[in-house]
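These are the structures in question, set out in turn.
Same chain, two partners: chain A is paired with chain B first, then with chain C.
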Partner chain A sequence: MRVDAAMHPVVTKSSDLRTWLKEPWRSTGLPEAVNRDLMRPKTPWYAEGSKPASGFAGSDPKLARRVLLEEGDLDYVVLLPLTRGMMPNLRREVATAAATNEWLAATWLSPEHNPDGRFKGTIRIVPRSPRDAIVEIERWAGHPHFVQVGVPLATHLPYGRQEYLPVWEAAARHGLPVAVHDDGGGIGIEFPPTCVGYPTTFIEAFSMRPFNAAIQLSSLICEGVFEQVKDLVFVFADGSFDVAGPMLWRLDKDWKAARSDIPWTEHLPSSYLKDHVRFVLQRWDGPGGSDDLAKALDIWNGAELVMYASNYPHWDYLPPQGALADLPGQTRDAIMGGNAAKLYRLNQAAAPEMAEHV
Partner chain B sequence: MPVQATALPATLEIRSFVVGSSADIPPGQRKIINIPGIGEVGVFNIRGEFFAVRNVCPHQGGPMCRGKLTGTTRACFIPGTRPELEYIRDGEILRCPWHAWEFDIRTGEALFGERTRVVVYDVHVEGGEQVPPPDNGEAPGNAEIYPVAVQGGRLVIELGGRRASRMATRSGESADAG
Partner chain C sequence: MLIDCDVHPQLRKDESLVEYVPEMFRDRFVEGGTGLAGSYPAPNKGRRVDSIPDDGNPSGSDPALFERQLLGDAGVDYAIHLCDVGGSAIDPDLDGAIKRGMNNWMASKWLGEYNRHGRYRGALNVSMASPELAVREIEDWAGHPNFVQLLGNPKVNLPFGHRHYHPIWEAAARHNMPFSIHKASVGLPALLTPAGYCSYYPEIHSVAEPTVYVAHLMSFICEGVFDKYPNFKVVFVEGGFGWVAPLIWRLEKMWDAVRIEFPHIKRRPSDYLYENVRFTTQPIEEPERRRDLNTLLDMIDAERILMFATDYPHWDYDDPQRVLTRLADGARERIAYRNAAELYKFPVIEPTKH
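Coming up: the complex of A and B.
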């Protein structure tokens, strides 16, 4: 089984989303679909072979299907659309998330573009508006191809806080993991991308981003969310496996001295990962050399916790062909799809095209 | 490096050690004594009950018995909102002064588990005078039974007792720079 745990589909052009936006938001302002605030090290910003003749890179389901499912020989692709970031008007942000789901269901997940069910979708919600988030989860939970809930990496309150608890309970109740991914910039009301202020260049912003995911993870563990919602799984879908490990060493150590502050965190912080946390492996997650990567994966139980993602169509696209080829076979198989198949309950029989080969 | 409990030499005949008079350590007080062949042991009087703890933290060898006696907390889960905490076991938890690890003074066990424990010994009072608590002015003659405290007996630490045999034998614990 080979699964891409995070691919980022996008509308053909920014205004396309208006088709699925309800009024009055359809007729008013809308942030751009593709954010170009920081200069990426490569122009164009997208992966080679991801741009159709017209429209954004990553906007053509037929092209993505050919590149990932056919040429890339993947069994499933988990689609994780971005939603244009935090907005000053929470109502507009909620409407945008809802429109994103309508759009994904009507296009990429439609019978026309997804006849074999090998595209799986993400229900985008606005967790800082819990009531709306739960409505949105309930709306799509019964859809056969939505397999997880998607939330932004940027927040005003970390995800362990009690305000979010009903949202996580709703996701867990429907067996949907919650995927955390950077939402592509926003229009100005997010906190600075690092805790200490604004980075100057793309490299700083991009390489420091995973620390935010580690902080969200720390919040979830230290606030006892995984003790309160026993079936909850978080997927860190935008890197951070490499920085989460050392943070967990620190948490484990300090927990021995400070556990009486957080008695609801009944077990060693790192012990929650096995049942509650998965990481999407990005190109830079881990040391460079393949021997060292295998060692790092071993230290932090990566064979069980990590899932491959292509990050198509972004510029750092990791093609499935030959990805992680140097890892030991069992570890590679788990990361290239076994772990995702288990998490999202994907099996080969479910894909009609594949059924005849089973 | 992990601190290994010092095994008693085979020839050592000391099986118990007289600390002194129990009156020397009033409730709420502690005394650190040196026992030949064992080293420093802290003797604590907690509300009239005596405890003895080896003055070596199993973590990095810190002087356990100079640590703070506190309580600890437990979680109260409340559906739909954040959990709250409840303060429990006041005065029964000994925290190492070096890295604040919590130990149950009754068993020596670290509260975080992992089979980590500090060495504790049984303590008892021999002889001495049993005295009722001071008259509180209530009318005599009711059927209430007053607790009896031991005063002035010999405070004896059992060195080969049940608890002493459960010495800290931790391994594989990395050093903590914290």
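Coming up: the complex of A and C.
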């Protein structure tokens, strides 16, 4: 089984989303679909060959199908559309997430574009508005092709905080993992991307993301969320298994000495990963050489925790052809699809059957 | 030989920094600075319980006990004092005055009166709130035999590579003083992470604080500080080092892809890491499978960039016997003293046969 755990579909042009937006949002201002990301270098933001004749790169389901499912020989692709960052107007942000789900269901996940059910979708929610987030989860949970919930990496309150608990409970109740991914750099009301303000260059902001994911992960663990919601799984979809690893060594050590601070975290922090956390693997994760990558994956249990993602159509697309080919067989198979198939309950035989239901 | 790159002296109860602070600031001076010490309380009130003197003075305030536990029991030959008795202030002038007071006290006591054995060195406190005051502090103390590096509060609103700070790095490089940062939880307000405020000490101490170091390290490299001041050195104290591996892996892989951002930078990120940057070991990473630490250290040639520290007399003190025996033979000497001796120009005492 070969699965792409994160591909990023996008509307053909920014204004397309208006078709699915409710009023008054349909008629009022909306951030661009493809945010130019603070400080992105002036290279194309998309992978070569991912731009259709018209429209944004990653906006053509037929092209993505051909590149990933046919040429890339993948069995399933998990679609993780970005929304448009944290908005000053929370209601607009909620409406944008809802419209994104309507759009994905009506296009990429529709019988026309997804006859065999090999595209799987992500329900975008705005967790800082818990009531709306739960409504959105409930609306789509029964759909055969939405397999997870998607939330932004940047928050004003870390994800372990009890304010979010009802949202995570709703996701877990429906067997939906929660995927955390940077939302395209945002439009300015996120907190700065480092604890010490804005960096100057793209490489700094971009390389900070897995560290910020580790902050969210430590919050989930230290607030005891995985004790409270036993079936909850978080997917860190910006990479970061190799950053979370050493950070959790530190957290394990502190837990032994300071667990009176967090008595609700009953077990060693790193022990929660097995049942509650998965990491998407991007080309930036781990050391360069394949021997060293195998060592790093061994140190941090990559064979169980890590899932390959293409990141298509983004500039750092990691083509499925030959990806991780040099890893030891079992580890490679688990990462290239086994782990994702288990998490999202995908199986080879089910694919044609699903087509009958849609 | 053993060099300890992070120890912390304290004021006795009958001492006050106020008499060391420049006169015009004495009325405004608040003992401990204006920081919130209590936002994320550390275990054991932050100290090693057996380091509290019998007379009830604060841990780390009694020179005889300090000397016995550190130079005697732990077998340390040289120790670098990082003074955190004064805290910091948001007002640059007051912050500068606090730093001056701390330096006066250090020079008079721990690097003076208590240093007859000559085995203590110190970090000169400089205010990050005002490069002008920081440079003045450096110039005023340059040539003092026992101030061997600088110490600045890393909790700022602009990463350290920004040109705002360059006058400090210029002065540091000119006087061959490495710049050290230590922790990030001091000072007002609490650390605001990109995810928002943390709730508990383990979160902030294990994960959020090291990300401050990550941000500064990338900024130093990407803004070309090490190109501009090639002999400028930075020491990251007590922020961990396991994360250096994934950071440098990322930067090295991305460097070619985003090279257009850096027409002004001549070398690769790892070149600057090995040449200009050092990390202290405490609190040492302790993976469940012990060999994982050495595998990781080996992958990034960590013996070139690590320097041993105990953090005496704090709660998470690292015992050299326990820590150094965890390291591979080839790495142990470099980490125990050679790297620090090179950086601080200590005469190396060649190990006697044991």
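Note that in this section the second predicted complex is superposed on the first by the 346 of 358 C-alpha atoms of A that agree within 3 Å, B and C clash if a C-alpha of one lies under 4 Å from a C-alpha of the other, contacts with A are read in each partner's own complex, and residues count from 1 in each chain.
The rule is simple: a residue touches a chain if its C-beta (ideal position, glycine included) is under 8 Å from a C-beta of that chain, and two chains touch if they have at least 3 such contacts.
Please read these numbers as outputs of a predicted model, since none were measured by experiment.
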Which superposed partner A:Glu223 touches (first chain B, second chain C, both, neither): both
Contacts of A:Glu266 with chain B and chain C, given as first, second, both or neither: first
Contacts of A:Val94 with chain B and chain C, given as first, second, both or neither: neither
Partner chain(s) touched by A:Leu165 [first = chain B, second = chain C, both, neither]: first
Between chain B and chain C, more extensive residue contact with chain A: C
Partner chain(s) touched by A:Pro287 [first = chain B, second = chain C, both, neither]: second
Which superposed partner A:Trp255 touches (first chain B, second chain C, both, neither): both
Chain B versus chain C as contact partner of A:Ala296, first or second or both or neither: second
Touched partner set for A:Cys195, first chain B, second chain C, both or neither: second
Residues on chain A lying within both footprints (that of chain B and that of chain C): 161, 223, 253-255, 257-261, 268
Contact set on chain C toward chain A in their complex: 42-43, 154-162, 184, 191-203, 205-208, 210-212, 214-216, 218-219, 222-223, 240, 242-243, 245-247, 249-255, 257-258, 260-262, 283, 285-289, 292, 295-296, 299, 315-316
Touching residues (chain side chain A, partner chain C) in the complex: 41-43, 153-161, 190-204, 206-208, 210-212, 214-219, 222-223, 240, 242-243, 245-247, 249-255, 257-262, 268, 270, 283-288, 292, 295-296, 299, 315-316
Chain A residues touching chain B - in the complex, by the definition given at the top: 161-162, 165-166, 169, 223-224, 227-228, 253-261, 263-264, 266, 268
Touching residues (chain side chain B, partner chain A) in the complex: 72-75, 77, 80-83, 85, 99-102, 110-112, 176, 178
